[in-house]
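Heads up, the thing below is written out as structure tokens.
When the chains are written out, they are named A, B, C and D in that same order, and each has its own residue count from 1.
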Amino acid sequence: MKKKVYDLLNKSKYFISFIYGLIILNVIVLIFESYEDYRTSFSNFFYYFEVVSVIIFTIEYILRLWSSDLDKKVKGSSFIKRIKFAISTFGLIDLVAILPFYLPLILTVDLRVIRILRLFRLLRIFKLGRYSKSLKTIAEVLRSTKSELAITGIVAFIFLVLSSTIMFYFEHEAQPDKFASIGHSFWWAVATLTTVGYGDVFPITTMGKFMSGIIAIIGIGFIALPTGIISSAFMERIQKIKKKNQVCKCPNCGTIINNKL
Amino acid sequence: MKKKVYDLLNKSKYFISFIYGLIILNVIVLIFESYEDYRTSFSNFFYYFEVVSVIIFTIEYILRLWSSDLDKKVKGSSFIKRIKFAISTFGLIDLVAILPFYLPLILTVDLRVIRILRLFRLLRIFKLGRYSKSLKTIAEVLRSTKSELAITGIVAFIFLVLSSTIMFYFEHEAQPDKFASIGHSFWWAVATLTTVGYGDVFPITTMGKFMSGIIAIIGIGFIALPTGIISSAFMERIQKIKKKNQVCKCPNCGTIINNKL
Amino acid sequence: MKKKVYDLLNKSKYFISFIYGLIILNVIVLIFESYEDYRTSFSNFFYYFEVVSVIIFTIEYILRLWSSDLDKKVKGSSFIKRIKFAISTFGLIDLVAILPFYLPLILTVDLRVIRILRLFRLLRIFKLGRYSKSLKTIAEVLRSTKSELAITGIVAFIFLVLSSTIMFYFEHEAQPDKFASIGHSFWWAVATLTTVGYGDVFPITTMGKFMSGIIAIIGIGFIALPTGIISSAFMERIQKIKKKNQVCKCPNCGTIINNKL
Amino acid sequence: MKKKVYDLLNKSKYFISFIYGLIILNVIVLIFESYEDYRTSFSNFFYYFEVVSVIIFTIEYILRLWSSDLDKKVKGSSFIKRIKFAISTFGLIDLVAILPFYLPLILTVDLRVIRILRLFRLLRIFKLGRYSKSLKTIAEVLRSTKSELAITGIVAFIFLVLSSTIMFYFEHEAQPDKFASIGHSFWWAVATLTTVGYGDVFPITTMGKFMSGIIAIIGIGFIALPTGIISSAFMERIQKIKKKNQVCKCPNCGTIINNKL
């Protein structure tokens, strides 16, 4: 019977569609809950929907945990296999998806924490990762560029700190509220170097504008590096799948020279 | 005689230039109509121009439909060929180009729908696709990157939903009008992650600014993926046309083998 | 003697440095002239500097025209060679550089035209193109990507027109001053699709914001295409110069197989 | 004993971690010092921390200078080797890191200079360059693209000057405070062409908006060139490390030839 459950969870198209739909519904309900009007009108419906969802997700989690020892891709005893499932990426996502509901029942928590826990319901969207090719692709790309993202991330951060400090020294006197500290200047640095430029903070002194110009022209390049790496890795991966093998066939001797680029 | 019509529609340079010019004129008139002054001064002229344009486009459509059975690239009986034309991309564009004029005459529609239908006149610009190499190139590029655009589009959308929800929770209390719901926060997410940053909405709490910074630095990369894919595919296509042949020389026989990538 | 003049103009390092410096000085003076204070204090100096510059540039132009028949890279009689010089890129730039001074003396022009002519003095900066490797590189890159820039430019323009019209229809009622016509909306389209987003114009209706989001996510890709083409062509050109030949040497038979990528 | 010192400075993991931590602490203290509250509460602590840091960095510098003649990678006599260390990149960074403290003691300087000198403490972050792979990678990338960055930098600058001048002539009358001179317009040009677009300065005349649109669409490409070069060089470097060997199989002898690009 356990095998039947395992097949249901991992191969049954009906079950997969059902869970897929329930996750999407969860996200939609989360969005609608943020509207004051809907919250008051449908509060009962939202509550029951949440209870039902959590019950279904909990049963799913328990069944997955129970049947995880049938997983042939993982090695070890039944107990080891269950532990491996529990700490696997998707095992943790499934757990985090249901914890926010149970935690307040186990521990006494104040109101702020309950609000944050309701935010955690959003992470249910990552349960889709089991079924969504898109999310798997992105996860792969991120995993393969880990070290480069780390390098460029550190450099971007150092540049942000440098820029914030320079602008603080030039603008602090003229705008003591907006550039109150290097921390406050950090907000200017992020908004400017990501080129979003809201317009709520900007230099007004001549030297500040001058430094800001230089910082922008140089810095936008550094902050854009992580983006460039993800885009580049993503497109290389797509092109690897699409690329034809290079083949030369010598018309004289008939030898085929395989030249894989 | 049908062949003469077919040749006129598809090969005659005079006819193509005429229709090209009429389409451009239509767009120019549409733009000028939006100016209050011009609308009042030239309202008669605009009306007659529209009637004449629609008549010409209708005659063109009927003639194309009638002569479409001479199209050698399409298979099937005359009737099948005409159906294939009617549901082809350009057949539909030609139909949509003239419908906005006829629809109010067939059905009774209220004022708002009439306004939207006038907007549909804008789609006449895509009739240029038959004659414009530029539009054909872009259409090809989009068709060839369909699946990658779908993947990155879904990921970008998920990221937008995540960002909106996170910012809603952090900024809702401080700015209940601007971050009134997750839907309202979506406007902030789009304006920020496309780096447009109008400045009408932005976080003012410290945690909100902090989360916003992280979201911006990571998210701008994800939102930029579709753009990168289109640019990359476009330039690959151009380079395929320009790329020199790869040459292998068989060391045995000395023959130079031309190898087109 | 003509040969001595020709060598002086095109090979003498002293002359080239002198003209280079005079052009830079011209640009610096043009910038300083825009400051009210400097204009009143130094008006005499600016006037004499302009007269002297024009005299020097005029003598240079006449000498180049005169000695252009010694140019071995151009074919034809002396007269033909001089015409070819006069209509060459640099010949025209040199002419445009001195015309703004002479034109008001030949024709009577009103004040507005005199102001525009003073702006034309800015074009003297392109006389640097003869000597500056940077400007030559960029000119080459632009020339080699002419047709692609045309294609993407047309597509970008069509997209701008489409966006402006759509936003006009959705926002005109709510913001009749900012979206007064499709022409006014064009300003919104340019500011948004280049992601500059000043914040002086933006949609305030819900449908307007929704359409604006979609337009931004798609359109930023199309508007970025010309930029991507210039960057890509520029870096290909640099890499062509740097790329090493791919060479395979068969260790057995000693044959070297040249494989140019 | 000198060898022990040399090994300590350059190979000892404890020493390296210690200095690494001290540099990070220095930066954190610099950031906290900018907050008014912390400055008043902890002024004594900040002062003593600065004195201790400078003493440690000074001892480090003296020890490095003394033991630099054991450096095998540098050629020359002991004296030459010490000079080479003193003018090497890291030697200069170490010196600049401690000078701001000593300079006011040697020369009498006014308050503004003391403030700028405190800003120089920020440069201590570059002492991390000895130990941080990230900073070394970026420095390498910048060094290898020196000439291309120079070319595109000059072109970007010329474009900025051109844009500022054009916008000055069109907007000066309408906005004499914001476009007061070409220098003032330069701020508009930088904010717009980097697409930051704060919204504090923008054209309001029709011709100004028109020129601004053209300038933006063209110019954003040129200003983005340096960024593209850094990103491209960075990713090429990463890919060189990752690239699979190109394999040719000699059709004669059947040997597989490993060809490292």
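General observations
Please note the rule applied: contacts are C-beta pairs under 8 Å (C-beta built on N, C-alpha and C of every residue); 3 or more make two chains touch, one makes a residue touch a chain.
All of these numbers come straight from a predicted model, not from anything done at the bench.
Interface comparison, B-D versus A-D: the pair with the greater number of contacting C-beta pairs is A-D. At the subunit C-subunit D interface, residue numbers used by both copies make up under half of all numbers present, so the two copies contact each other through mostly different positions. One simple way to say how far apart two chains are is to compare their mean CA positions; for subunit A and subunit D this gives 30 Å.
Here the CA centre of subunit B is 43 Å from the CA centre of subunit D.
Shared interface positions of subunit B, i.e. residues touching 2 or more other chains, are given as 195-199, 246, 248, 250-252.
Taken together, the subunit D residues at the contact with subunit B in this complex read 195-199, 250-252. Only residues 148, 150-152, 154-155, 158, 161-162, 165-166, 168-169, 172, 180-183, 192, 195-199, 202, 209, 212-213, 216-218, 220-222, 224-225, 228-229, 232, 246, 248, 250, 252-253, 255, 257, 259, 261 of subunit B touch subunit A when the two sit together in their complex.
The part of subunit C that touches subunit D in the complex is made up of residues 27, 30-31, 34-36, 115-116, 119, 122, 125, 132-135, 137-138, 156, 186-187, 190-191, 194-200, 223, 226-227, 230-231, 234-235, 238, 244, 246-253, 255, 257, 259.
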